[in-house]
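What follows is a set of structures to go through.
Two complexes are shown next, each including subunit A; its partner changes from subunit B in the first to subunit C in the second.
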Partner chain A sequence: MKKQILIGLFSLLFLQSVFAAGTRYEMRVDGLACPFCAYGVEKKLKAVEGASDITVDLNKGLVSVNIAEGKELTEEQMKKLFKDAGFTYRSMKKFPL
Partner chain B sequence: MGKILLKILGGFTIFLLLIVAITWLFWIPSASGPGYVFVKAWGEKGSAPGQFNDPTGLAVHKGEVFVSDARNGRVQVFDFDGKFKRQISSKGDGRDQLGRPMNMVIAGNELYVADYWNDRIQVFGLDGIYKRSIGKAGKGPGELGSPGGVAVAPNGDVFVADFYGQRVQQLRADGSFVRQWGKTGKIGFMAGEFNYPTDVALALDGTLFMADGYNDRIQVFGADGQFLRKWGGPWAINIFGPFNGWFATVTSIDFDKQGNVFVADFYNNRIQKFMPDGTFLTSIGKRGKGPGQFDKAIAVAVADDGTVFAADFRNNRIQKWRPE
Partner chain C sequence: MKDRPEYFWNNLGIAGLVMTVLLWSTASTAAPITFNTALPVAQGEFLVREQLIVNQSGDDPSAANRDRTASAAVTAMGYGINHRWTVFGILPYRDIDMDLKIAGQKINRSNRGLGDVSVFTRYTAYQNNQPGQTFRIAPFAGVKAPTGKNDARDNLGALPPPVQLGTGSWDYFAGVVTTFQTLRYQVDAQASYRVNNEANDFAAGTIARLDASLQYRLWRTSAEGGIPDYLFGVLEANLVRQEKNSVNGSNDPNSNGTRLFLGPGIQYVTKRWIAETAVQIPVVQNLNGTALENGYIVRAGVRANF
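Here is the complex of A and B:
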């Protein structure tokens, strides 16, 4: 019985480490004006390796993206990405998944 | 001293009132054409037939309404009463698929779709059969950076609003480059320059009307390519506002049979109607979620009988209006 409980706990720990992988980034951006912009940002972010679940909130000027474990977004990278997309990068917050 | 101050203040007030009056007279026209009556709306958020996830483009042809359903990566076809008929294409970057379909046009019984994410124009038969693709990603001549809209000339030439290219390109039917308006990748607000062009439409006489998205204006060029005129706020130099004839992000353009110009005025939640010379005629809709109200008007198409269809972006529905 003890052995089964231990195996169960071990499995839970393993699963947690699998599903907790990655980071959610939230970025404040100026200049988002319409869906054309939003789609442009999404298009550029989806080309970033490990990116998924991209959301763009035009009203709040907030762009969010999940990045897979082992990958990272840098401020410099995002400044360039948003500049290329026609916007001004303001700030970034990170949340572990 | 007090009298002098009063005189200066009085003079300044009169000057300000004069400026306001002149602005009102010159830059805020009154409606001079008949209005439109709301008929019906259809659609809601979703991915089932008849539902939308960001409707972004419209085209009409012989009793059918074609709707770009952007996040669902498809075009849906309805009759004029909003009854679903068929779906064209599916989401993806495959040869016959659509990334984010935007503005569209129908020419020669073919549907031309600006495929924003896949940097190309997709051409389908009206039955949905894939025909060909025009363009590829890039900044060179004939290459595209997120096309927002497309027009087609009688000889098959294609005009593309190249959103990130900051230009409108004219291409042959095979995609070869003919010429362009605007400097590649360079934003500007002078005549012939662009600030994220979103759509283009070709009048029967070959005149080109371009929706200069974030410059909040329409630019017009002759069939010879020469700049003719522009409108949208004072001097049409990227001054946005809610008044008649002003815009707050222009996202789509179409004509009625008489050649009048209809413009989707995104942030002003309305469609505006102009004469071809830019004279304001009337506007359709206002902000809201109720019947005849828009939560961001993104696209417009006009049927031969004058019926106006408009894509109501955030309400995920299509609205139908008839002339009064």
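Here is the complex of A and C:
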């Protein structure tokens, strides 16, 4: 019984490290004003390694994405990504997951 | 070409207008229904637009009692080369039907098939992005290649140019389009010019055109923190001035002129697709001689991101 409890605890700790690790990036982007255009941004972010849970808030001009642990988004990378999509990157905030 | 009765030439204003309409109402992002926009196509991305167009002309001032319906399914594709350059390709499938009277006898002439292919490029010369809005200016230029059949015949002989699928000529066009887009509304305006060259002893008149579009958001889905769907009410205006056609080197006095269309429409926009429809109603038709008047132009189409 003790052995089973220990295995269960270790499994929980392992799962937590898998699912909770990483960073959520919240980026302010100018020029986003229509749903059809926003799709290009989503598609480009999906191609970034480790990216998941992408959301685009048109009203606030915010684009958010989760990046897996061990990966990172840089300002230069995002400037180019949004420029290629036709928009202007302004700033970035990071939140640990 | 000389076996074609003169009244056929009078329709060519309509033919030129139809071709112009087909070629300049191209694929793009959320945008006007009857012409282009300056909004971006993301680098390396495709979008496709399919638009059905029915252009009806009648109310013939001549004794020929002409009545012409030109329908087209226009497929257009856009590709973003980079953040400034976009290329577009357009291929219409056309179905043309014309009734008229010759010596009191009603006859019909018709044709269907692929029309002329157009390609053009657009360059975003200026853009100013602000929170929730963008302003852009983009010149464009392109060419229409004579890929459509232009020597079709029926049992009465060679079909006249208004019933041919292609013009047989290489034609060139250029212009500039500007867009101001916010979360609530969008305004687009375009000025363009088109040179139609001679083929088979015929040249359609050059075309100068001014277009404007207002798209106002009437409704949106609730998508807290995400991408909602938008429903836009659309009102567009198209001022089209076409010079007289040239037939065997002489101007046709019964061809073309100036037309002003007003086009109310509606557009439903999601992040993956757009569905839209509009009716262009001629409110001014200052035409030369007995040139055939437009009745209406109906458009319905979809666009999709890939």
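Here is the rule we use: the second predicted complex is superposed on the first by the 78 of 97 C-alpha atoms of A that agree within 3 Å, B and C clash if a C-alpha of one lies under 4 Å from a C-alpha of the other, contacts with A are read in each partner's own complex, and residues count from 1 in each chain.
Throughout what follows, contacts are C-beta pairs under 8 Å (C-beta built on N, C-alpha and C of every residue); 3 or more make two chains touch, one makes a residue touch a chain.
What you see is a predicted model, and the numbers here were worked out from it, not measured in a lab.
Asker: Report clash or fit for the pair subunit B and subunit C bound to subunit A in the combined superposed model.
Answerer: clash
Asker: Of subunit B and subunit C, which one contacts the greater number of residues in subunit A?
Answerer: C
Asker: Answer with first, second, both or neither: which of subunit B and subunit C does A:40 touch in the superposed model?
Answerer: both
Asker: Name the contact category of A:57: first (subunit B only), second (subunit C only), both, or neither.
Answerer: The second partner, subunit C, only.
Asker: Pick one for A:83: touches subunit B only (first), subunit C only (second), both, or neither.
Answerer: second
Asker: After the superposition on A, what does A:32 contact: first (subunit B), second (subunit C), both or neither?
Answerer: second
Asker: Could you list which residues of subunit A make contact with subunit B in one structure and with subunit C in the other?
Answerer: 33-36, 39-40, 43, 86
Asker: What part of subunit A is in contact with subunit B in the complex they form?
Answerer: On the subunit A side, the touching residues are 33-36, 39-40, 43, 86.
Asker: Where on subunit B is subunit A touching in the complex?
Answerer: 54, 56, 70, 99-100, 102, 116-117, 146, 148, 163-164, 196, 198, 213-214, 249, 251, 266-267, 296, 298, 313
Asker: With touch defined as at the start, can you tell me which subunit A residues reach subunit C in the complex?
Answerer: 28, 30-44, 55-59, 61, 83-88
Asker: Show which residues of subunit C lie in contact with subunit A when the two form their complex.
Answerer: Residues in contact with subunit A: 29-30, 39-45, 80, 82-83, 124, 127, 129-134, 181-183, 186, 225-230, 269-274, 303, 305.
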